[in-house]
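Take a look at the structures listed below.
The same subunit A turns up in both complexes below, where it pairs with subunit B and then with subunit C.
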Partner chain A sequence: MNVIKCEACGYENSSGTAICNNCGKPLDKDNNTNLLNMRYDGRAIRSKTRNTSIVDKIWNFFSSIKVGVSLIAIALIASAIGTIFPQSPYIPSTVEPAVHYRDQYGIFGQIYYQLGFHELYSSWWYMILIALIGISIFIVSLDRGIPLYKALKNQNPKRHINFLKRQKLFGYYSQYSPKDYDTLKANLKKHRYKIYEKDGHILAEKGRFSRWGPYVNHTGLIIFLIGTLLHFVPYMYVDEFIWVREGETEIIPGTGQKYYVENQDFIFETYGDDEEDAKFSEMLERQGTVVAKHYETKAIIYKDTSEGVIGSEPTLEEVTRGSAIVNEPIKFDGFALYQSKYQLNEFQSMSFKLHETDDPEEQSLLEFTVDFADPERVYTFDNGFKIEINKYYPDYVLDDDGTPRSQTNYPRNPAFVFFVYPPGEEEPEVSFIGIRQNLDPSQSNQYRIGLTGIDVRDVSGLNLKKDLTLPVLGLGAFIFMIGVIQGMYWQHRRIWIHPENGTLYIASHTNKNWFGMNKEVEKIMQNTNFEMLEDQENKVTKDK
Partner chain B sequence: MSKVDEANTSKQTKKRNRLIYRTSILVLLFGALLFAVISNLFADDKTLDIGDKAPDFQLPHLNGDQSDVLRLSDLKGKGVMLNFWATYCEPCEREMPYMESLYPEYKDKGVEIIAVSVDATELVINQFVDQFDLTFPVLHDKNSQVMDAYGIRPLPTTFFIDENGIVVERVIGELTLEKLEGYLQKIEPS
Partner chain C sequence: MEDLLFWSSVLLYAAFVLYFISTVLFAATIKDKRHEKKFTKLHLLALSTTIIGFLTQLSYFITRWIASGHAPVSNMFEFVTFFSMMLVLAFVILYFIYRIEMLGLFALPVTLVIIGYASVFPQEISPLVPSLKSHWLYIHVTTVALGEAILAVSFVAGIIYLIKQISQERLTGRNFLLEVIIYSIFSAIGFAVISWGFTLADYSATFELEVDEQQVEMEYTLPAIIGPYNGTLITENKMDGIIPAPEWLHGVEASKKLNTLVWSLLVGLVLYGITLLILKKRVAKAIQPLLNKANPELLDEVCYRAVAIGFPVFTLGGLIFAAIWAQEAWNRYWGWDPKEVWALITWFFYAIFLHLRLTRGWHGEKSAWLAVVGFAIIMFNLIVVNLVLAGLHSYA
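After this line comes the complex of A and B, so read on.
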C-alpha cells in the first residue's frame, strides 16, 4: 500500500506527502532539525503517486519540472540560433536560398541552410517543441495546482507542534497572559488576516489568492498558444496579396470569390513636392535620392451579389470606398486591405502611326492605339490599310535559345510583330516594334510604324488581412498579466498560534518577501509582551 | 463487504477515473499538437486537393466553334483533365504538345481535356492556340475567379477529375508524356 500513516493522528497520506494532510506533522523522519519544505504545502504531487500504465508514464514525463525547463532551454537555444543569419523570408527573393546562404555566409551559412535553420520558426520540429512546452505547462499546473488548492482549502488550524517548530519564523512563550493572546488576535484582525480557530489554536491567513497567480498565468499562456493554433483554422486568418492596376477591378483572393476591388487612383508623393517641405531641402540634397512621403490607393470595394456559377459575370455592388494609406487600411466585413507595394508608370496603351519609310516628314497615313488591357488583333482603316498584331509580348525577352517570349503577364516591356497590309495587298510587310526597337526584318518595307505616344498607369499592391485570432491572443496575454500581477504583488502569509501545556507556540510562513513578513509580525506583536519571533534559518546556518 | 474490500473498490474506481481523466487530457493535447503540425505543413497548400469535389465553373471558350461558354457541369459523365496554364509559362508550353497528341484518342474514350489560361489578354492566348494548333477547349479566366476558387499557386497545375466530378489526381508542376497518359487512363469513365 502506497500510503504513509501519520504517527500522530493516524491519517493515511498518499506517498510523497511531506506534511500530514490532517494534523500537519512533518512526515520526513530524517531531518528533524532543518526547516520544513513548504512547497505545495507538503502535499504529494499527484503524478508522483503512481507510475503504472503507459498513460501514467507519459503523464509523469510531462509533469516533471525538469523536463519542462529542459524543453524551454532547448527552445531558447534553437530560437537564438534562428537569429544568427536572416530567415528565408528576409533574404532577396531573386536568389536561390541555397546559393544565397553559401555565398553570403560561407560554410556556416551552408550548414545553417542544410540543417533547415533558415526557416526555423515554421519548421515542424520547432512547432512540436513549442507544443510540448504547452503540454508540459498544462500538466505541471494540473499536477501541482490541484493538490495545492486542496491543501489550502482544507487547512487544519490545529497543526502538529513539529510543524510549527520547523517554520522559518518561530517563537514560544511559556508565560503569557490571556490579555496578550486577545491583543494578538485583535492585531491580526486589524492587519486583515482571516482567523480560523479550533480549540484555542489559531490559523491567521491572508493573500491566499496570490498562490493562484502562476496557475492563472499558465492559463493565459495556454489560451495564447491556442490562439496561435487558430491561425490554421480556415477563415480565422487570411493573409493575401493582390496587384491592382489603376482603373481595373480585380477579384480579392481569400474572400471566396465574393469581393472585388477597383483601384481608382494610386497616389505617390515624395518629399520636396510640397512647399512646406522646404525645411527638409538641405537634408534631401545631402540624401541625393527621392524620399517617399506618402503612398495611397483610392479604392472601391464591391461585393458580388450574383448567385451565378464561378466564372460567370459578377454583379458588383459597392460595399465601401476609401483610401488605403500604409497603416490605415480599408476595412470591410472583417477584412482589412493595406497599402503594401506599388509600381509606377506601367504601360497602359501605346499609340502608333504609319508613314512611308522614305518620307522625311513622316506624315501620318493612319493612327491607332493598342490598349494593353484588351488589345485588338486586327485594325482596319478607311483608306484600305489593315494592320494585324501577329505577335504580342507583354513582357518581352529573348530566352536562352534566342526565341522571343513574354516572361510575365504584365505589360512591362511590350513588344509586337505587326503585319501591315497596304490597300489591295495580300502579302503583309512585317515590322518588329518594342521599347527602343523598331526593326524591319526584310529591310525593304515601304511603310514604317512609328510610336507616337505612351499612356502609363500605376499599379498598387494591396495586402488583404483578416485575423480573428487577435482577440484570443489578447485575452491570453491579459490573463497572463493578471496572473503575473496576482503572484508578484501579493504574498500568501500565514501565522499559526498553538497553545500547549501553558506554552504558546507561534510560527509564521510566507511564500515570499520575508522582510515584509518580519515587519508585519513586529507590528502584530506591538502592545503585547511577546518577543519577536526568531528567524530559524539564520540560526541554523549560524549553528553550522 | 469488509472495510478492506470497500477501500480496495474505491481505490480501483479512483484509479480507473484517473486513467480516463489523464488519457482524455493527453489525447486532447496531442490532438492539438498534431493539428498544429499538420496544418503548418500544408499551410501554403490552399489548392484543391485529391478527393475534393471540383467546383463547377463556366468560362469563355476561345477556340470553340458554336458555344462561346463552356461549363464544367456540362461534361458530367466524362473524365476531365483540367489544366491551368499561361502563355508566359515555359513548362506549360512544353506540356501542351503532349496534351494535344493524346487528346483525340482520349476524347473518344470519354475524357475531355480543358486548358484554362490565366493570361491577361485574349490576344496572347489566341496567338498561342494558333501557334500550337490546339484543338482541345482553351478557356480564359480573365478575372482569376476560377484560379482563386481552385487555389492555384504555381503554374502549371493540373487536375484529373473523374466522371463523378471528384479530383482523382493533382499535379503541381510540369507533366511528362508517360505520366500524363497514366493519369488520363485513371479518369476514363468505366
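After this line comes the complex of A and C, so read on.
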C-alpha cells in the first residue's frame, strides 16, 4: 500500500491521510492557507482510499452520506404515499378491499390498490428500503468510527505550527509573560478541560465522549431494526383475538390449546351517568352520542393440565383471575390478555309459548326456550305437540329481492321459521318469528307462537399478546436516545497551545456550536493579556 | 368548577394580549439604534413581558387541568394552545443562549397566529375515552409539543435568515417562494378571522345530501363557496354553494373542509393584498431593512442548534413515548396510523437535515430552506393530518 511520508517528522501515514497522524502537519501544499477540514482529524477513511474490488465498491456505496440521505429521503416519500388513502387495516372489514378502494376513492383508489399501496408498509420493497438504511448505518459506522477512534486516542499534544494556523479560531502573541501562560492553564482547568502537556505544548480537551454519540445512536438503531426482524421468528410474537360471551369458557388461540378463559362478567359505563360528569355535558350534548367511560371484563384464566391425547376432555386448573381493563391487561405465563372490543346485549336465548290463534287470553299450551349457543332442532312435548326449527337466521335481513338471509353468524337479530305439528298431524303449520315480527304465511294457522322473553348477555373481544421482541426494541430505543443526547447536548472542544521562539500560538476547534466555543475562549482569556482569538473564517470571507 | 373554567379562559386571553405587547416591545428594541449589542431596560421589559405572558398561559393550563380533572392536551384546542405555550418557552430558552431579539419579533407573532388558530376549535372540556386514560398520554403529548416547538424556532431563525440574505432587487424564484410562505401565514390569520367572524354572527346553513343511499344533513358554519356534491340548501336566506365539490372528493365533511380552506386562502389573499398596497412592495422586501443588524452566521447557528436540541426531544416524545403509550392503549407499539407515519416522516426529515449539515455546502441558505420545509411538515401533521387524513388520533 502507498504511504505518505511526513516531511516534518518522517512518520509514514497511510495514503488518504490529510493531516500527519504523528505531528499534525497538514499533508497538502505548505503554502495552502485554507482552513483545515477537521473531519476524523484528517485520518484516512477506507471508503475514500480503496475502490478496486467489488467489496470496496459496495462498501463505498453504503458509506456515502449522500447515499444514506437519499435512502432516508426515499423512505420518507414512500411513507407519505402510504397516508394518502387509509391502509387496509383501517378500512371496514366487511367489504372487499378491491371494491372499497374503487368505490370510495374512484380511479385513484383503484390504482392505489393495484400498486399494493394499501399495504405499503409491509410490502417487500418498503422492508428492503429500511434494511438498506440499516446496512448503510452499519457500514458507515465502521468506516468512520474506527479511524475517528484511533485519531482521538493517539493525539499528540505537540502539533505542527501549520496545523494551528489553519484552525478556525487562531491567535498568536509575541510578548507574553510566564504568568499569562500559567493563568491560561489555570483557566483551562477551571473550565474543566483535561490538559495534556509535552515540552511546554498543551492540548486542552473536553467532551471527547460526545464524538461517540453518532456511533452509539446508530448502534441503537441497528439493535432496534434487529428487534423488528425478530418479529418474524416463531414464538417471539403472538397476536390473537377471541370473542368470549359472558358465562362461557373458551380456548385461547395461540397458546397451543393450553389456556382457557372464562368471561364472568362484562362491565360497561358511559359518561353522563355520574354527577361529576356534569362538566362534560356541553360536549356530550353537541356530539349526541354515547361516550364510553370505562369497560372491563372480569375473567378467569385456566390451564389444561391433562396430559392426555388430543381430543380428550381437558382438566382445567385456575391460573389467575382478574379484570382486563383498557391499558391494563391480565398477565399470565408471559402472555397478556387485553380488553379490546365488546358487543353489548347479544341475544343469549329466546323463550316462546304456543296458544290458539283465536284465544284472546292467549293461554299457553306449551313453552320452550331456544338457546342460541346450542339451538335444538326439534322440541317434543308431552301433550303431543312437536315443534321443529325449519330455518334459523342469527342476524336476519331481507335482501333487496326479498329473500331472507343472515348477515353474520352472531345472534344479533335472530329470526326463525317454525314448523308446528299439532298432535297426530303430519302437515305442519308454518310460522315466521323474529324481533317484532310474527307472520303467518298461510293466514290460516290454528296455533300461534308468541315470544315471552329474551335473555341477553355481553360479549368481550379479548386480544392475546405475547411480544418477546419488546425488550430488544426498548434497548435499541434507549441506546439511540443516549447516543443522540450525548452527541447533541455536548461538544468536543479542543485548544492547542504552541510556544515557539518566544511566541505563543493558540488555536481551538469544536465539532459543533462555535458560538459556545467563542464564549468559552473569551472567558478563558480573561485576566490575561491575550486578546480574543480571531475567527479566520470571517476573515477569509471579509477579505473576498 | 364553572368559575375556574371561566378564569382559565381569561388567563389565556391575557396571555395573548401580553404576547402581543412583547412583540411590540421586541420591535422597539430593534428600532432602538442607540444601543448596539447592549442589554438595555427595554430589552429587560420585552423579555419580562414575554415571561409573564408565559406564566399567565401556564396558569391557564393549570386551572384548566384542575377544572377538567385531566391534563388539557386531549383535544385540538388544548393541544394547539399547549404547542403555542411551548413555542414561547423554546424561544425564551434560545433567547437566553443567543440574545437575538429578532427571534422574538418573529416567534411571538407566530405564537399569536397559532393561538388564534386554536381558538377556532370547540373549547369545552371533553371527557376521555378509556384508551386515552394513561399518564403516557400526557407525557407523550407534552414532549411532542415541546420538541416540535423547539424545531419551530429553527424555522423562525431560518425565515429571518432568508429574508435578510436573499436579494430583493428583482423578483426571483427564491423571493417569490418567500412571499408564498408569508402568504400562508396570512392565510392562517385569515382562517382565524373568518371562523371567528362567522361564529360571532352565528352563521349556519344546512344542506341535505345523499351519502351511501341515506339522506343526511350537513351544517355549514361558513357561507358555502364550495357546496356539497349533489346537496340542496334547506335553510332559507342563506348562500347556496357557488361551486359544488368535485365528485371524487370523498370522506366525511370533505366539502366543508375544502370550503374552509378556500375561505382561508381567499381571506389570506385579501389581507396580503392590503399589506402589499400599504407597503407598496413585497413584504419580505419591506422587512429586509429591519434586519440590518442581524448576524447571518448567528442565525444559521441558531437554525441548526434548534434542530440539534429539538431532535432528541422530538424523538423521545413523538416516537418513543408514543410507542409506549400505543403499546399500553392498543397493545401495539406501532400501527402505521397516518398521525404516526407523519411523526416518522418528521423524524426522517430532521435526520436528513442533520446529515446534510455534516456535508459541506449545506450551511446557510440551503439549511434555512430545509428548516422551513421541516416546519411545513410539522404544521401538515398538526392541521392536515388531524383534520383530513382521519386516524386514531384525530381529535374531535
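Worth pointing out:
Keep this in mind: the second predicted complex is superposed on the first by the 397 of 544 C-alpha atoms of A that agree within 3 Å, B and C clash if a C-alpha of one lies under 4 Å from a C-alpha of the other, contacts with A are read in each partner's own complex, and residues count from 1 in each chain.
Simple rule for what comes next: contacts are C-beta pairs under 8 Å (C-beta built on N, C-alpha and C of every residue); 3 or more make two chains touch, one makes a residue touch a chain.
All values reported here derive from a predicted model rather than from experimental measurement.
Of the two partner chains placed by the overlay, neither subunit B nor subunit C lies in contact with A:300. By the touch criterion defined above, A:121 lies against subunit C but remains apart from subunit B after alignment on the C-alpha atoms of chain A. In the superposed model, A:292 makes contact with subunit C only, not with subunit B. Contact with neither subunit B nor subunit C is seen for A:35 once the two complexes are overlaid on the shared chain.
Of the two partner chains placed around the shared chain by superposition, neither subunit B nor subunit C is touched by A:195. Within the superposed three-chain model, A:468 lies out of touch with both subunit B and subunit C [touch as defined at top]. Of the two partner chains placed by superposition, only subunit C is touched by A:75; subunit B is not. Ranked by how many residues of subunit A each touches, subunit B and subunit C are led by C. Within the complex, the subunit C residues that touch subunit A are 1, 5, 67-69, 97-98, 122, 124-127, 129-131, 133-134, 247-248, 250, 297-298, 301, 304-305, 308-309, 311-312, 315-316, 319-320, 323, 327-329, 331, 333, 335-338, 341-342, 344-345, 348-349, 351-352, 355-356, 358-359, 385, 389, 391, 396.
Against subunit A, the residues of subunit B that register as touching in their complex are 15, 18-19, 22-23, 25-26, 29-30, 32-33, 35-37, 39-41, 43, 55-59, 71, 73, 86-88, 90, 118-124, 126-127, 141, 143-146, 148-149. Across the complex, subunit C is touched by residues 39, 65-66, 68-69, 72-73, 75-76, 79-80, 82-84, 86-87, 89-90, 104-108, 121, 271, 276-277, 279-280, 282-284, 286-287, 291-295, 325-327, 329, 336, 338, 340, 463, 465, 470, 473, 477, 480-481, 484-485, 488-489, 512-515, 538 of subunit A. Within the complex, the subunit A residues that touch subunit B are 50, 53, 55-56, 58-59, 122, 124, 127-128, 131-132, 134-135, 138-139, 142, 226, 229, 232, 250-251, 253, 257, 309-312, 314, 372-377, 389-392, 394-395, 399, 405-410.
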